[in-house]
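Which chain is which? They are A, B, C and D, in the order written, and residues in each are numbered from 1.
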Amino acid sequence: MRAATLYGLCGAVLVGLGLFGLIVHPQPLRKILAFNLIGGGVFLLFGVVARRGASAGLGGDPVPQALVITGLVVAFAATALAVALLLRLFQETGRATLRSDDSQP
Amino acid sequence: MAFDIGLATLVLGVAAWTIAARDTFAAVIGFVAFGLLLALVWVRLAAPDVALAEAALGSGLTGGLLLRASSRLAPTKGPAVIEKPSAIMRLAASVLCTLMSAALAAIVLLLPEPAPTLAPQAAANLAATGLGNPVTAVLMAYRAIDTLLEVVVLLLALAGMWSLAPDHLWGGLPGRRDPVDRDDVLTFDAQLLVPIGILVGIHIFWVGSVAPGGEFQGATILAAMWILAMMTGLVDAPAVSWRWLRLALVVGPAVFLAIGLAGFALAGAFLAYPESHAKLVILTIEVPVTLSIAATLALLVVGPAERAPQL
Amino acid sequence: MADFLLVAAGFVLASVALGLVRILRGPNDADRIMAAQLLGTGGIAALLLLAQAISMPGAVDVALILALLAAFVSVAFVKGVDHSEVDGA
Amino acid sequence: MSFALDVLTILAVLTGAFFFLAGTVGLLRFPDSLSRLHALTKADNLGLGFVILGLLFQAEGLFAALKLVGIWLFALLAGATVAQLIARTARMSGSTM
């Protein structure tokens, strides 16, 4: 097995782990973290495609690599916006959950 | 290969910790460690440009952002635990996620052989761009429109965040100002780090045309240094309505767009560069774009206005 | 030489990974940030060894950024702890 | 000449790796936060220092060497700052932890 394939499998597991966290964690900040794990896994899959495309003296296909860099920046922007929404929710309601009913103490 | 197995295991272990940790703060620390390890993985995958972006953005800046958020949300630690989903729900979720991972793993194992690649085309046209780094060539020349749109997406995210400020604070200053303590270690740290860090940021940006690096990675370091100066109180955060700030934010996309439109006249297509001056044109775009990205990233971390504008 | 450096990188990473157990055991934030610090330093060392082993000079810049941003994150951490003490009181 | 440099590199890197191991052992074995801090900040920065010293023998050119030394200085600065502040927070919270 090539090293690239190994990291590809690693990326596949990461997506699963992140998805699990996204579903089961009640706290939004943990959901944001989990979402970033999914992102990391997806980017790794791109990395594997890039690595396998190594040719013409390049260590990898530069197109997926550039896509990942773009993706990292967009993921950061989305994370920052999500965090801002969450902090505002906390400011407004004094709590940081997504439940809409009033069962909170 | 043994090294790769160890590294992959470590990545998965840290990721699992990020999900499983009871304490949010501990999970965030785990995430920072995760980003650091991913940077190592990218080096192993022969993608140093991505490794730079991952180290700077994925680990560093995102880490700083989440650490701030988790400390602000610290008072909410307790009650959220009650809302844990039921065991059945968790079981269903784990089955779903296992299936998801298995499907992706199957795809990875069944990838076509030989792998499709654009590397030869990217390498063959590299000379025409005047650049030495194929990834920068993709970002700035072959797929420049993606990069242009991405810079706009960053601005939109910032606009979205700013509009979260309460009405009476619109146009105000983000965050609180920390008082400067001249004897504090942090202040000393920032005074030493910020100037060197700015140099490193410019260096990473500058070598991006021929070696791993580029405007996103350089801009992230510049943003981190600005945030560092703001966190230690060396400089205050700028008012959201400050004219020069707005100018710094839009100058990058504006120049990018203008040159893109000029491409119709000079080379016959949107974002086409005249071949003889490609490198010069790319640099003309990159400098203001780096400035704008750095400013946008930093402001995305400091958040919306929380203090009334000073008139 | 390359093989030796790769093994050394693996060794440093492995010993640092053991330190990660400290994160798992807690018991408090100070221990956790220490373990992250150890991983940071070890990660930088492993990265530098790796860069030399596979002769990829660009990886040295990655280590440079990691070192710089480690300082940044640690300040964010300390500020965070200070603030949560103020807010949580 | 190159052989002698290689030997020096190997020696220095081995020493560095040893210090990393020592730091980890200290982190795992010492009973409280402050002594763990003591083990960690000295051992791992020294470890990184030796690794970098070893790589300096292989460095191509002055700029590459300066960059390596710069990385070490950054790491030292980060380590020292965090150590001070962690110790302060640990002491302020008043427990031996």
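Just so we're on the same page, a contact is a pair of C-beta atoms (placed from the backbone, for glycine too) under 8 Å apart; a residue touches a chain by one contact, two chains touch by 3 or more.
Keep in mind that what you see is a predicted model, and the values were worked out from it rather than measured.
S.K.: Give me the step distance from chain A to chain C, shortest route via touching chains only.
M.R.: 2
S.K.: With chain centres set to the mean of the C-alpha atoms, which chain is at the far end from chain B?
M.R.: Following the centroid criterion, the farthest chain would be D.
S.K.: Starting from the mean Cα coordinates of chain B and chain C, work out the distance between those two points in Å.
M.R.: For chain B versus chain C, the centre distance works out to 19 Å.
S.K.: How far is the middle of chain A from the middle of chain B, if each middle is the mean of its Cα atoms, in Å?
M.R.: About 13 Å, centre to centre.
S.K.: I'd like to verify one number: the distance from the centre of chain B to the centre of chain D, where each centre is the average of its C-alpha atoms, in whole angstrom.
M.R.: Between these chains, centre-to-centre, one finds 28 Å.
S.K.: Send over the residues of chain B in touch with two or more other chains.
M.R.: In chain B, 44, 46, 49, 61, 70, 72, 186, 189, 193, 196 touch at least two other chains.
S.K.: Using the touch definition from the top, which residues of chain D touch two or more other chains?
M.R.: Chain D, residues with two or more chain partners: 70, 74, 77, 81, 85.
S.K.: Check each residue of chain C and list the ones that touch at least two other chains.
M.R.: Correct list: 33, 35, 40, 57, 61, 64, 68, 70-71, 75, 77-78, 81.
S.K.: What chain-chain pairs meet the touch criterion?
M.R.: A-B, B-C, B-D, C-D
S.K.: Please output the residues of chain D touching chain C within their complex, sorted ascending.
M.R.: Interface residues on the chain D side: 6, 9-10, 13-14, 16-17, 20-21, 23-24, 27-28, 33, 36-37, 40-41, 44-45, 47-48, 51-52, 55, 58, 64, 67-68, 70-71, 74-75, 77-79, 81-82, 85-86, 89-90, 97.
S.K.: Taking the touch rule as given, give the residues of chain D at its contact with chain B in the complex, in rising order.
M.R.: 70, 74, 77, 80-81, 84-85
S.K.: Where on chain A is chain B touching in the complex?
M.R.: Contacts found on chain A: 3-21, 23-27, 29-30, 32-34, 36-37, 40-41, 43-45, 47-63, 65-70, 72-81, 83-88, 90, 95-97, 99, 104-105.
S.K.: Please name which positions on chain B make contact with chain A in the complex.
M.R.: 1, 4-5, 8, 11-12, 15-16, 18-19, 24, 27-28, 31, 34-35, 38, 41-42, 44-47, 49-50, 53-54, 57-58, 61-62, 65-66, 69-70, 72-73, 76, 79-81, 83-85, 89-90, 93-94, 96-98, 100-102, 104-105, 107-109, 111, 115-120, 122-124, 134-135, 137-139, 142-143, 146-147, 150, 153-154, 157-158, 160-161, 164, 214, 216, 293, 297, 300-301, 303-304
S.K.: Quick one: which bits of chain C touch chain D in the complex? Just the residue numbers, please.
M.R.: 1, 4-5, 8, 11-12, 15-16, 18-19, 21-22, 27-28, 30-31, 33-35, 37-38, 40-42, 44-45, 48-49, 52, 57, 60-61, 63-64, 67-68, 70-71, 74-75, 77-78, 81
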